[in-house]
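Take a look at these structures.
What follows is a pair of complexes built around chain A, which joins chain B in one and chain C in the other.
So, the complex of A and B:
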């Protein structure tokens, strides 16, 4: 059997469209998921017992169930429960954002814990509202301090995003699968698809280590 | 509406009680009137409730009994029946505080630290606030540090910035809780000098310090607090020079002995 990787080039346009979809869904889910994760992280460290409990249950549930089950649940069950029809794309982003919220919440909680409670006293003494305190004091520091772990969360999400192909979204994985079925050349096509994922994810993983050193050094109080 | 009347005390504390838990009674009945321009220094043994008193005044703590009026206005009230404390946050805005630990925001430059509250909670224009901030920094000898981050400052410089940050809000009363205790000895003087500067401008302040020489120099009035009550209250020459109470004498002989 001889392999011909060059023929994959003929499908580069289709693969590119798929990659765009993958990147779009990932970025949207990362943005929404991080905001949601920050809220969950705050709730996790809150002094309100019910907020802590709710956030804990949510996070454990989403981390303890397969992402593909969550995805199918959002696709098939959520519309039935809410009585509204969501587009494929919207469902994919909702499902992945819910997951991203759960995995980034721990990163935010850990980062928030490193912010000294003295800063809260200072905020009160300066007359800052709770909103201003969160927006201008807590959130920027939590994000900065969480960057290293958030980046690995992002890499995980980017890889997990391939699951949306299972519900018919035309992402990189979906396009690759179609080409591989149509041409009966799974080895070449799927290898190329894997390489594309790797080429994007790998620098991000590396970047984590570099950033970790730089960011954390700058923040030493 | 009660207008600010010249004879009304700036701070008026009545029957203040505060416990952190049923077994940790920290303030056990304090009555205190402080007048505008007073520089009240609070001294006393560790655990006597000095920090707690300042934190209560800053509106950082709930109280169990009593009330506090500020500048003739009701400020803090204990609602004993419901176990709640009401704090008027508008009144609170006239009070500033500097803490023992550095509380600068590490992700903001020095100038950004100074203008955050004026811009974000008082709606001051950024350019105006910045000008004022630079004036303060120049006055405190920190003009060249405006755009650096707190991590690049010495402890003494951080405390001077913290004082400037509080002054940006134009407080009628400043609270200082052991602001030099975390500093290396050679950095204490630069911070105390800044506070002396404010004293010259007649700013009302309440200072907790373990530095008895500084206390003697800056105070217009000294409180000796122990066991959650005010044991002795009077001018510095009297309380520190010729204390009436045995507990004050005992405390002073101990600290001056160690300090000397």
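So, the complex of A and C:
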């Protein structure tokens, strides 16, 4: 059998549309998930027992179940439970954000733990409000220290976003599978799709390592 | 909220879900056995002084780490039979795809652990007259394995969760059974909740084990 990779070029517009969808879903879930993760991370380290327990159960549950099950759950169950219509794009973003929140909460918690309690005492001594303490003392340090793990979580999320194809969202994976089925040329199409993911994710992982070594060491955090 | 829950619908399907869980566990165990052994070999290749061995090994690791697992599985199912003209049953294909993924991730864990093996240990091995193979077998492997264990276990749980993806290529694992049960019974909420709980019931104790290993390793290191 002979392979003709050039023919994939004919579908570059469709693949590009899919890639845009993949990037859009990833970025939206990363943005929402990071904010949600910071809140969860704070709750995880909080002195309120119920907040800590709730956050722990949430995090363990989302880290202990497959993302695809979470995606199906949100896709099929959330509309029934809430009685609202969710587009498959919305449910994809909701599911991935909930997951991203759980994994980034762990990075934030680890980062928050490195901030010594003396700083809290200093804030009290300076008469800072709890909000000012979080906003100006804890958050800048926690975010800076959490950046390396957060970024690798982002790369994982970019890869996990391929799962939304299973609930019928037209992302890169979905478009690729459709083209491959329509043309009966899976070898060329699927390989190209895999390469597209690789070309994006590989420099990102390398970038994370460089950032960790050079930039953050330079800031002496 | 007007929805009335009916977990009875799922109770009748529990036997089917259990059959699915067995397939999931079989995939997980097989992938882990392959991943744990070949991962170490691959890590040694990645660190080899000959570029001829180092480059393909690194490419393998980076490729499997930087592409979505779902495309790896779909790729295996469609492309391996066409490219190599071999027709394996779905289970073997699923195991192979997951094992390649896990091998790449474990190789990374082993590499970090091997690099952390103190230089002195190997010097001591040379002083004792061990040859290269013996140094790897009796010094590097046990030390690196112990150091990498927490990561290896969490990679193992990761692959347990990734096995849910084989449902997409119609392997009858827990996820697949759950999907068909949800369609048959018209009870997606109850079914997917039970399926999620089953996955959680398996992976949570193992992840606790991983953090226990990590805790113990750090305590011993001190």
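Note that the second predicted complex is superposed on the first by the 215 of 221 C-alpha atoms of A that agree within 3 Å, B and C clash if a C-alpha of one lies under 4 Å from a C-alpha of the other, contacts with A are read in each partner's own complex, and residues count from 1 in each chain.
FYI, a contact is a pair of C-beta atoms (placed from the backbone, for glycine too) under 8 Å apart; a residue touches a chain by one contact, two chains touch by 3 or more.
On a predicted model such as this, the values are computed, not experimentally measured, just so you know.
Room for both chain B and chain C is found when the two structures are superposed via chain A, with no clash between them. In the superposition on chain A, A:127 contacts chain B only, with no contact to chain C.
When the two complexes are superposed, the chain touching more residues of chain A, out of chain B and chain C, is C. In the superposition on chain A, A:209 makes contact with neither chain B nor chain C. In the superposed pair of complexes, A:12 makes contact with neither chain B nor chain C. In the superposition on chain A, contact of A:88 is made with neither chain B nor chain C.
Within the superposed three-chain model, A:159 lies in touch with chain C and out of touch with chain B [touch as defined at top]. In the superposition on chain A, contact of A:173 is made with chain C only, not with chain B.
Working from the superposition on chain A, the chain A vertex angle toward chain B and chain C, CA centres, sits at 110° in steps of 10. Residue contacts after overlaying the shared chain place A:114 against neither chain B nor chain C.
No C-alpha atom of chain B lies closer than 26 Å to one of chain C in the superposed arrangement. Overlap of the chain B and chain C contact sets on chain A: empty, with no shared residue.
Across the complex, chain C meets chain A through its residues 1-3, 62-63, 65-72, 74-75, 78-79, 82-83, 157, 161-165, 167-168, 175, 178-179, 182, 188-189, 192-193, 195-196, 199-200, 203-204, 207.
Chain B meets chain A in the complex at residues 55, 58-60, 89, 92-93, 95-97, 99, 101-107, 116-117, 120-122, 149-151, 162, 165-166, 169. Against chain C, the residues of chain A that register as touching in their complex are 1, 60-61, 63-70, 72-73, 76-77, 80-83, 155, 159-163, 165-166, 173, 176-177, 180, 186-187, 190-191, 193-194, 197-198, 201-202, 205. Residues 116, 118-119, 121-122, 124-129, 132, 136-137, 140-141, 144, 218-221 of chain A are the ones that touch chain B when the two sit in their complex.
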